[in-house]
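Got a structure for you, questions after.
For reference, chains read A, B and C in written order, and residue numbers begin at 1 within each chain.
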């Protein structure tokens, strides 16, 4: 992309973003809004840097939960997807369940999970994230393993290739882009789920708990600073998933979308 | 039975079967799992399988029929249903608010390309960021804010969160749909000297419907999530979220009760999805049927 | 008053930049009312561009375009012409009848008059029983007939067509050509027709306008002497083959021209 069109791409969002921040600052200062309503961006940044260490700690706790859940969910999802591609009946069984789970606010299960573990454990949150990630990865990778071009399978069969060989040489390579599509969806979702899970009680070291406690203590600007931390965490996870995807594709097809329409 | 009914029946029976399997796994773990939890490869990942931590499924279901609190005459299922209905109404309000703003904004973006270029990156990025973090902050506006004589009731914050979460996917999907009208069709409309508004109403919106339908699905589930999280982080009275939190606190004494509220929340989500699915069928009623995989 | 009067018209894209494209240079064309005129030429000769200048979907860089005695833009606003493309371009979400009503709706016709006119047009293209069906339920040829019905719904004096039969198979194509002539005779419509097919141009037209690319321009005007009434037998007539040969030679002449000029930039086919 030549420099001129790159500028053309970046300039409008940049201008909008800066204008929005200025407007926000202006409205808060101009109308003298109370902090419980809106905190000014300048105060938020101030609080962010003041509390940076504590924000970092809380972010690590939530981030670790998200990461552990992301990895566990991906591993289990991939393993199970192989089973689904081998035994089609399992797919028939799992798909309606996955569709239904998509519609419900599944994180409420944390309330149940908290009861099944000790009160200081971070395990319930990690299990919650794993569960959510598991279904995302499962549905996408299973699709990648089963929806291969029939001509490829026919070719392999004409070589008298075994099912396992077809799996290795056709299905798995076909499924790799689907895995990265799933990761791009699952990465930010893992952060959100880890975060929301903290509202249900249990250990209080993560970002979610910090935000509520700051609000309870009327430190609203600080609460906003933690919100900023959460947003940065989510963005980082998403960015990493994109980097992983481009590293894996190396100029090939980047990712296949599940829903084109 | 025609083909459509047969497929629906098949899918439903598969769904029921998968639920049965989950229940079976639950009960099996209760039999074989450690009563006080345990370690697997050194990590405390195995949950406690005693009746306090993991009540039997039968206990959960029967809990619906018994009174909510000792001495009260309100049965649990009545309370849970009321809570779910409360949250459902909020989710609908949130969805309607979010979708009208989302569709409105996408029309503006379709009309003024500069707005699209400036805002679209933020819309796309916002779907990766935990906006739900703002829930407790928005909740504070309840009861304290007066805009032009409109007093902000506490429940409205939950609806606003729902609107917030449903707005983004709807705006992005609608914009994509509006842009999907084929160039030849736009040229045809221009040859009729049609105004921009006529082209929008008679060509772009109908072309956008197949894109808006999945966006509405995402928006609907987003609205439910937003409302429930708002209720949970603020303890909004009357909603299913608060019931979940309350019952969770009593879980050591009354383990089955929290499950009743959790199932209620699940029912809420499914009902919302069902409502959207019905409007989906209506909106796509005259379109050529796409082959489903 | 001629139906179409193009005088000294040019269309240059990206003028002054390295990406300049001379789609049309100094085009002069007069079409009399009731005439059927075909534009034919190799890719990039500007025939579709010329059609769009007449339709006022493009503005000429120089020169003027008059339609029905008015400027092209006024004609478009007055809906003095109907247009049909290679893709029938019917709206999937409207019934066949509602598709035909579209230009009438935009002009603010009232409901009953619209419905009556749509019925009339369906009779004209011989598809009255399909009024309440949806376009995707119809074959390609039938969709094109509906597109023609839509183009003529407001009874415009002029019909502009951009390779409307290009996507159809040969048998359907020949049938559609016959139908188009019948319809235009019944409605006394002037037609400007863009095509790639030499037999099609000769069969349908009173005059064939031969164009060539780089830069896009008119190189020949060939009168076709097949008489007013054309039937299936016309396709076997000696005059038909004479006409085809004349057009082919005119095209070949232009072909040799630009083959010798050497290949440079491609010209947009618009």
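As a convention for this text, a contact is a pair of C-beta atoms (placed from the backbone, for glycine too) under 8 Å apart; a residue touches a chain by one contact, two chains touch by 3 or more.
In this text, all values refer to a predicted model and were calculated from it rather than measured experimentally.
Among all pairs of chains, A-B has the largest number of C-beta pairs in contact. Comparing the CA-atom centres of all chains against that of chain A, the greatest distance is found for C.
In this assembly, the C-alpha centroid of chain A lies 17 Å from the C-alpha centroid of chain B. Chain B and chain C have Cα centroids lying 52 Å from one another. Residue ranges on chain B touching chain A, taken from their complex, read 11-12, 14-15, 17-19, 21-22, 37, 43-45, 47-48, 52-54, 114, 117-122, 125, 127-134, 136-137, 140-141, 144-145, 210-211, 214, 220-221, 224-225, 228-229, 232-233, 241, 244-245, 247-249, 251-252, 255, 258-259, 261-262, 265-266, 268-270, 272-273, 290, 293.
Residue ranges of chain B in contact with chain C, taken from their complex: 182, 184-185, 187-194, 198, 202-203, 206, 209, 286-288. Within the complex formed with chain B, the residues of chain C that make contact are 55, 57, 76-77, 79, 81, 83, 85, 87, 89, 91-94, 102-103, 105-107, 134, 136. Taken together, the chain A residues at the contact with chain B in this complex read 8-9, 12-13, 15-17, 36-37, 92-97, 100, 102-105, 107-109, 111-118, 121, 123, 127, 147, 187-188, 191-192, 195-196, 199-201, 207-208, 211-212, 215, 220, 223-224, 226-227, 230-231, 233-235, 237-238, 259, 261.
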